[in-house]
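Chain lettering (A, B, C, D, E and F) follows the sequence in which the chains are written, and residue indices restart at 1 in each chain.
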Amino acid sequence: MDFSNFNGAEQAHMTKVLEKKQMQDFMKLYSGLMERCFMTCVNDFTSKSLTGNEITCVQNCTDKFLKHSERVGARFSEYNAEQMQQAGP
Amino acid sequence: MDFSNFNGAEQAHMTKVLEKKQMQDFMKLYSGLMERCFMTCVNDFTSKSLTGNEITCVQNCTDKFLKHSERVGARFSEYNAEQMQQAGP
Amino acid sequence: MDFSNFNGAEQAHMTKVLEKKQMQDFMKLYSGLMERCFMTCVNDFTSKSLTGNEITCVQNCTDKFLKHSERVGARFSEYNAEQMQQAGP
Amino acid sequence: IRLDRDGANIDPAKMEIATAELDMITDVFNRLVTSCHAKCIAPGNSTRYAEGELLKGEAVCIDRCTAKFFAVNKLVSERMQTMGGTAQVTGSFGR
Amino acid sequence: IRLDRDGANIDPAKMEIATAELDMITDVFNRLVTSCHAKCIAPGNSTRYAEGELLKGEAVCIDRCTAKFFAVNKLVSERMQTMGGTAQVTGSFGR
Amino acid sequence: IRLDRDGANIDPAKMEIATAELDMITDVFNRLVTSCHAKCIAPGNSTRYAEGELLKGEAVCIDRCTAKFFAVNKLVSERMQTMGGTAQVTGSFGR
């Protein structure tokens, strides 16, 4: 995204839009992660409480998903920077 | 959700937001239910009309999904009420 | 959708809503199609570049999905027209 | 009641209902595309996407799948009215 | 600060946060319905939807599934705070 | 044309396009995260989530998966332009 041809008011507006979108994204990432780890790790419904194995699995699943998402984000940024440079001045 | 620190105008605003959201939720539930029951029950494409078995399956699927969703909703409300009480005064 | 009981201002408003929705729809169709063809066609991660087979598969997947979506759209229009006629004057 | 530039009335409630109806139609259409793609295109192909054309059998399947999808739509909608689904479902949200 | 018809203050930031919270609750509820449906209703049925009632075993499963879903919700939420997840995740978007 | 508090112009059409572009980027990013998670993390694990670290093989897979995803993005986008996809697709909606 290139906002350089935006005036001050337009940049301020887009910053607000971006902030709202980032909050929504974070919530969606959170609930998506939770659903995914629940579906993968929890398979025993003979009791109401999580087993020790399920707890470990959910914690690892969460850690791994966040690291995965961070790594993909890094590659995504590099790619966008490259694209910007090729389009550049 | 605790709206007790909202003034009258703010409560009225949130009530409108809530009503709109409930309508959207209902539509999403409806189309999700329909897609799910279609995918599960309809597997024969040698004709344009539903077979007797397919009709029964779709009706049962709909009934069961609504009852499921109702039961989950009841547990969800209980949980939220508990959480509210623990946070409470 | 029947806009015949809308006045000029209301029709103009809905036309804008429709245009925005069509742009969003197109983007969603695009990204959905891309995800689907990626998931189906790309299964080898021993290298960074697409193989010849993967490229052919993605192109065919894209072509086929667009033709599929076009055909479904045609049936959908016919169905809506029928429904409108049955409701009609 | 809002006035547009030309002074004509725009009824916001009417606009909201029309927009919701449009959202609903779009949602149903998207699910129709996805469902019939899964039923007619994806599975039968052991050689995945060997061609970009719709095969004869796929085209026939799409037409039947679409017709059955509309029938299910009608069936579910009737069923939910019989069960008083609307009240139950939105009521079950616990708000 | 906006004034409504009666002259009362509406704080837009407060409204935005409340709306986001509502969206979050709805999203979690919808995922709960879908997940427990997949765990308790869909798979155990070899004869697909032979009846429209919830079977005894299904009802018990729903209650336990819901309890476990809330426990996972709490676990993941704590885990993300420990990892400073918020900063990492939104920061990783590269904007 | 709208004026903000400081009297500067805000072009609504420009804002709408920028917002749509942002939505698009977010949507693609989310699908990228999901797709490469399915390809690189989920399936290879017979012992499901025995550790919270990314394994060496997973990290390498993520990098390649991401590169291939961008290549598919480019391929599909070119293909749709060749087919005049835009017109066909939005035109097929029957409105």
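Observations
Note that a residue touches a chain if its C-beta (ideal position, glycine included) is under 8 Å from a C-beta of that chain, and two chains touch if they have at least 3 such contacts.
Owing to the predicted nature of the structure, the values given are computational and were not obtained by experimental measurement.
Steps from chain A to chain D, minimised over paths through touching chains, total 3. Common neighbours of chain C and chain D (chains touching each): not present.
Residue-numbered contact pairs of C-D overlap by over half with those of A-F, the repeat interface among A-E, A-F or B-D.
Seen from the Cα centre of chain D, the chain whose own Cα centre is farthest off is A. Distance between chain centres (mean CA atoms), chain C to chain F: 16 Å. Rounded to whole angstrom units, the spacing between the C-alpha centres of chain A and chain C is 26. Inter-chain spacing, taken between the CA centroids of chain B and chain E, is 12 Å.
In chain E, the residues that touch at least two other chains are 23, 29, 34, 40, 63, 67, 93.
In chain C, 1, 18, 25, 28-29, 41, 59, 62-63, 69, 72-73, 76 are the positions where the chain touches two or more neighbouring chains simultaneously.
One full turn of the ring, starting with chain A and passing chain F second, gives A, F, C, D, B, E.
Of all residues in chain F, those touching chain C in their complex are 16, 20, 23-24, 27-28, 31, 34-35, 38-40, 60-61, 63-65, 67-69, 71-73, 75-77, 79-80, 83, 85-86, 88-95.
Touching chain D in their complex are the following residues of chain B: 1, 18, 20, 22-31, 33-35, 37-39, 41-43, 45-50, 54-55, 58-59, 62-63, 66, 69-70, 72-74, 76-77, 80.
Residue ranges of chain D in contact with chain C, taken from their complex: 4, 6, 8-11, 14-15, 18-19, 21-23, 25-26, 29-30, 32-34, 36-37, 40-42, 48-54, 58-59, 62-63, 66-67, 70.
Remark: chain A residues 1, 3, 6-10, 12-14, 17-18, 21, 25, 28-29, 32, 36, 40-41, 56-57, 59-65, 67-69, 71-73, 75-76, 79 touch chain F in the complex.
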